[in-house]
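Quick notes on the structure that follows.
Each chain gets a letter, A, B, C and D, in the order it is written, and its residues are counted from 1.
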Amino acid sequence: MPTITQQQIKEHGLSGDEYKRILELMGREPSLVELGIFSVMWSEHCSYKSTRFHLRRLPTKAPWVIQGPGENAGVIDIGDGDACIFKMESHNHPSFIEPYQGAATGVGGIMRNVFTMGARPIAMMNALRFGEPDHPKTRHLVEGVVRGIGGYGNCMGVPTVGGEVNFHRSYNGNILVNAMCVGLARTDKIFKSAAEGAGNPVVYIGSKTGRDGIHGATMASAEFDDASEEKRPTVQVGDPFTEKLLLEACLELMATDAIIAIQDMGAAGLTSSSAEMGDKGGSGIELDLDHVPQRETNMTAYEMMLSESQERMLAVLKPGREKEAEAIFRKWELDFAVIGHTTDTNRLVVRHKGETVADMPITALSDAAPVYERPYDRRAASVGVPQYDAKKPLLDSLARILGSPDMCSRRWIWEQYDYTVMADTVQRPGGDAAVVRVHNAKKGLAITTDVTPRYCKADPFEGAKQAVAEAYRNISAVGALPLAVTDNLNFGNPQKPEIMGEIVGAVDGIAEACRALDFPVIGGNCSLYNETNGEGIDPTPAIGGVGLMADVNRMATVAFKREDDVLMLIGDTRGRLGQSIYLREIEGREEGAAPPVDLAAEKKHGSFVRKLIEDGRVDTCHDLSDGGLLVALAEMALAGGIGAEAGVAGTTVDAIAFFFGEDQARYVIATPLDEANRIEQELRDAGIVHAIIGKTHAAKTLRIEGEGEVALSELRKAHEGWFPAYMAVAHEN
Amino acid sequence: MKSAVVVFPASNCDRDAAVALQSLTGKKPHMVWHQESHLPEVDLVVLPGGFSYGDYLRCGAMASQSAVMRAVKAHADKGGAVLGICNGFQVLTETHMLPGALMRNADLKFVCRPVALEIEETQSLFTRKYEKGQRVHFPVAHGEGNYFADEETLDRLEGENRVVFRYADGDNPNGSARNIAGILNERRNVMALMPHPERVVDPLLGGTDGVGLFQSLIETLS
Amino acid sequence: MKARVFVTLKNGVLDPQGKAIGHALNGLGFGAVGEVRQGKVIDIDLAESDAAKAKASLKDMCEKLLANTVIEKYEIELKA
Amino acid sequence: MKARVFVTLKNGVLDPQGKAIGHALNGLGFGAVGEVRQGKVIDIDLAESDAAKAKASLKDMCEKLLANTVIEKYEIELKA
């Protein structure tokens, strides 16, 4: 038996205490294979050891929630026997190392999470964060990530319908690539991962196993390739063609009743899928690695258990159904092998070449995995009202903001994604939320991803509330009822109390907002240690939200539709410029208090607007977020090709603050005059602060009282110009 | 009109094509797996869009070798109608049922957006419901739609009025020679185009400009 | 036997990828770079020891699948 | 001077294209075909007559642009 050295323990990312705990649980020294299994199962990624304690505070229940966190993806009931299954996940580190493959495999991974539960994926979203545009790596990363997302999603034939992108120096050394997948299933046909019962066959399906993604450090012994002496790369390459076949084959198998449990092989592949299925089913699992389909020769047990080769699934079948399942996978020309069976021992037993290479209690990998209540320090939130030059010409600033990296059109990105395949995309990228119709039905799903990291940096609690509120608003603004969220918590090193404080603050903020808005969390993902040279990223708790639209024929979009529509601003405008886009882009500072979020107002205003759209009274609506009112008006004008005029409507707020402040819980709607009059009365009755601020007009200009006007063509040039011009410059890889 | 949609491994617009055909003809098309060597009795065979074989090696190359393509060829040889959309166009050029080739887009990027097209030729079973010179908008969604053929072939296509769809001036999304978006074979019963008519048959999804193509087929083949 | 097949575009066929690479190289300061053309190289393990037979079979593969002879030409190289 | 650069996937890196081509060739009846790997070949016209300098410059191009050295390796061949 090998003796485990201090060096090996360290290379496996285990602390001294953790190793002691392993010795206790095992009652002996682990083998190298067992050590590897512990190392991946107890990693932050698989065990959530730093966040699990806090995540318990998130609200996860509602009458429409069928499955909350804990399975491969969350499930909600959307009526008529239909279920919506969705999840968001990060692929940050791999995308920094190799942007194309990192992003592509991120998309593939999240799709498997969704279709392993029986859903056909119907829409993809992505939330991206890159370093500052001038950083030498940024272009290459943007180019590769976008191409990778498109390369995988387009081939799968699933529309990529939206997302968000920010550039900020805090991501120079750690970009964020968060991908979200939304799928549809029938409520009585949802597949889970609990491998209940003993003596059932465990089958391996999909691609062959290679030495992909096995962490370099732990592989020092076998790492060199004899022929070239080159170090084996640990990057995984995606194969969307195989994934498409895997999707169709799995759905075909799922139409039978042969499956007891099924789970995709994601991080820590064979190890985590088998351990989790056994754990959830309260059974044991015995694997014989000799039967694992292998792409390379002489693979060790260690390599096979830790490989992260893509496009693979593990399933437990009802006994006797193997032939039937095999026929399906052969038809789709995929590998299929019975590689083990379930037992009643509650142990994970792994055999290879006639030897038992691992034999461990499954609970040691799940329940007994460490949970840390790490010390945290919630530093004081940034406060204050920032100074600014009140004389700067408003419309010049608008053009500059519309042409800035964070605010310009993302067309360069979304045109590389097939957003119309599946013929159900009723609201395309460019609006507040994307809307995809439920196939063969009248209803649709509204989808958005949101977070404003600069608010979260200034105040993790309010910032996280804001992320949830903005997702709620984006869904309401198209006319859908927000139903549930998935989160993706991207942070720095949790072993630093101030970072842990950001995490705790953000979790509390999400919890409070989701509770107040009836918007439960049904899934999520944590990506910690996003740090380079001791510099962490800005806290980035991305929120992916999904809502239900009863009738996609009654949907609002941001585009102005008619001349002489009245512009109504709903919500209170104080002109808060703290942490605003205006302050950063025009004054060059990120300071002051992040805008506070009044959740009661969010709910009230959102419900009001939604009702107007549902009743078919309003078809033009935009929520206000980054850049405030004037940016929203410009986006509405550009989207519709119709101009408008507006003023401060008798308020005492200074024009710059009025037009660029980022107060929350606000929407702009545009309707013909008589409807506007009725709506105004209803707003008054409901006690909702509002103002008529102007109207759309015949000229193709945006005119602001006392500031003059600017041609839409000029704004469009600024808005559409930045991305293509930026990406046109030659860059190194 | 009876129709069939061929399904290759990783076709992904097969459902979209079937939905459009069913909604316009009232009949469910047959879905034919690429390993079939016989086609059902149909008037129209559609080769749908997608990424057959992942677009690996060359788009459409591996699909062109499938058993079903021999049957499709036989169907066309008997005068049966064949419509190729996007990947279907690539398969048809790889099978040499249509001339030329579809290369990487000139700017090397996948492009998804609505494009303006001009109907060049209405003397065909695919376009008789349109007017000559009519402008329509269909979405494109492809990485390799850059139509290439040698000058002689291009001249011949034009001379024989076999260029059916052209990208409107200034709206060529991929660098195609002479703005060609869709062409006919010599016998005029096989037509393919890169843009997606089946994605514009529902006003909710960005227009109904594609209806004319299916109506033309229905009128001629029923 | 191992074989290497080169599939490259025929002269006169435009090569957007090659052009883009040339452009990017110039942009990165490689001023001496003139025309660039990109093609494919396909390495094949072949269970065939007779060189003539291997070559014939590879030629057949090229004609049937590996090259699109409308736009591409191919070369075959046998190794060890 | 003309140069030819080969860019191929490192050993052990999954090659979905090669895999699919191999599979297709088997399907077409080429039973002797074993593993297939696909790579790129890039032909470059270079206004440089000194072989050593050309080689150094090409190496630089590979590192900076032509190869993705995380997953690919390259070889440089100088011609005439």
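Rule of thumb we're sticking to: a residue touches a chain if its C-beta (ideal position, glycine included) is under 8 Å from a C-beta of that chain, and two chains touch if they have at least 3 such contacts.
Here the structure is a predicted model, which is why all the values come from computation and not from measurement.
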Which of A-C and B-C has more C-beta contact pairs: B-C
Distance from the mean Cα position of chain C to that of chain B, given in whole angstrom: 29
Rounded Å distance, chain A centre to chain C centre (Cα mean): 41
Centre-to-centre distance between chain D and chain B (centres being mean Cα positions), rounded to whole Å: 34
Centroid distance [mean C-alpha coordinates] between chain D and chain A, Å: 36
Two or more partner chains touched - positions in chain D: 16, 20-21, 24, 28, 38, 64-65
Residues of chain A touching at least two other chains: 239, 241-242, 333, 732
Multi-chain contact residues (two or more partners), chain B: 53-54, 56-57, 62, 65
Overall pattern in which the protein chains touch one another (line/ring/star/complete/other): complete
Residue numbers on chain A that touch chain B, as the complex places them: 147, 150-151, 154-157, 239-242, 244-245, 332-333, 414-426, 428, 437, 552-553
Residue ranges of chain A in contact with chain D within the complex: 97-98, 100-101, 207, 210-212, 225, 227-228, 230, 232-233, 235-239, 241-242, 295-296, 309-310, 333, 732-733
Residues of chain B that touch chain D when the two form their complex: 53-54, 56-57, 62, 65
Footprint of chain C on chain A - complex, ascending: 729-732
Residues of chain C touching chain D in the complex: 6, 8, 18, 21-22, 24-25, 28, 30-48, 57, 60-61, 64-66
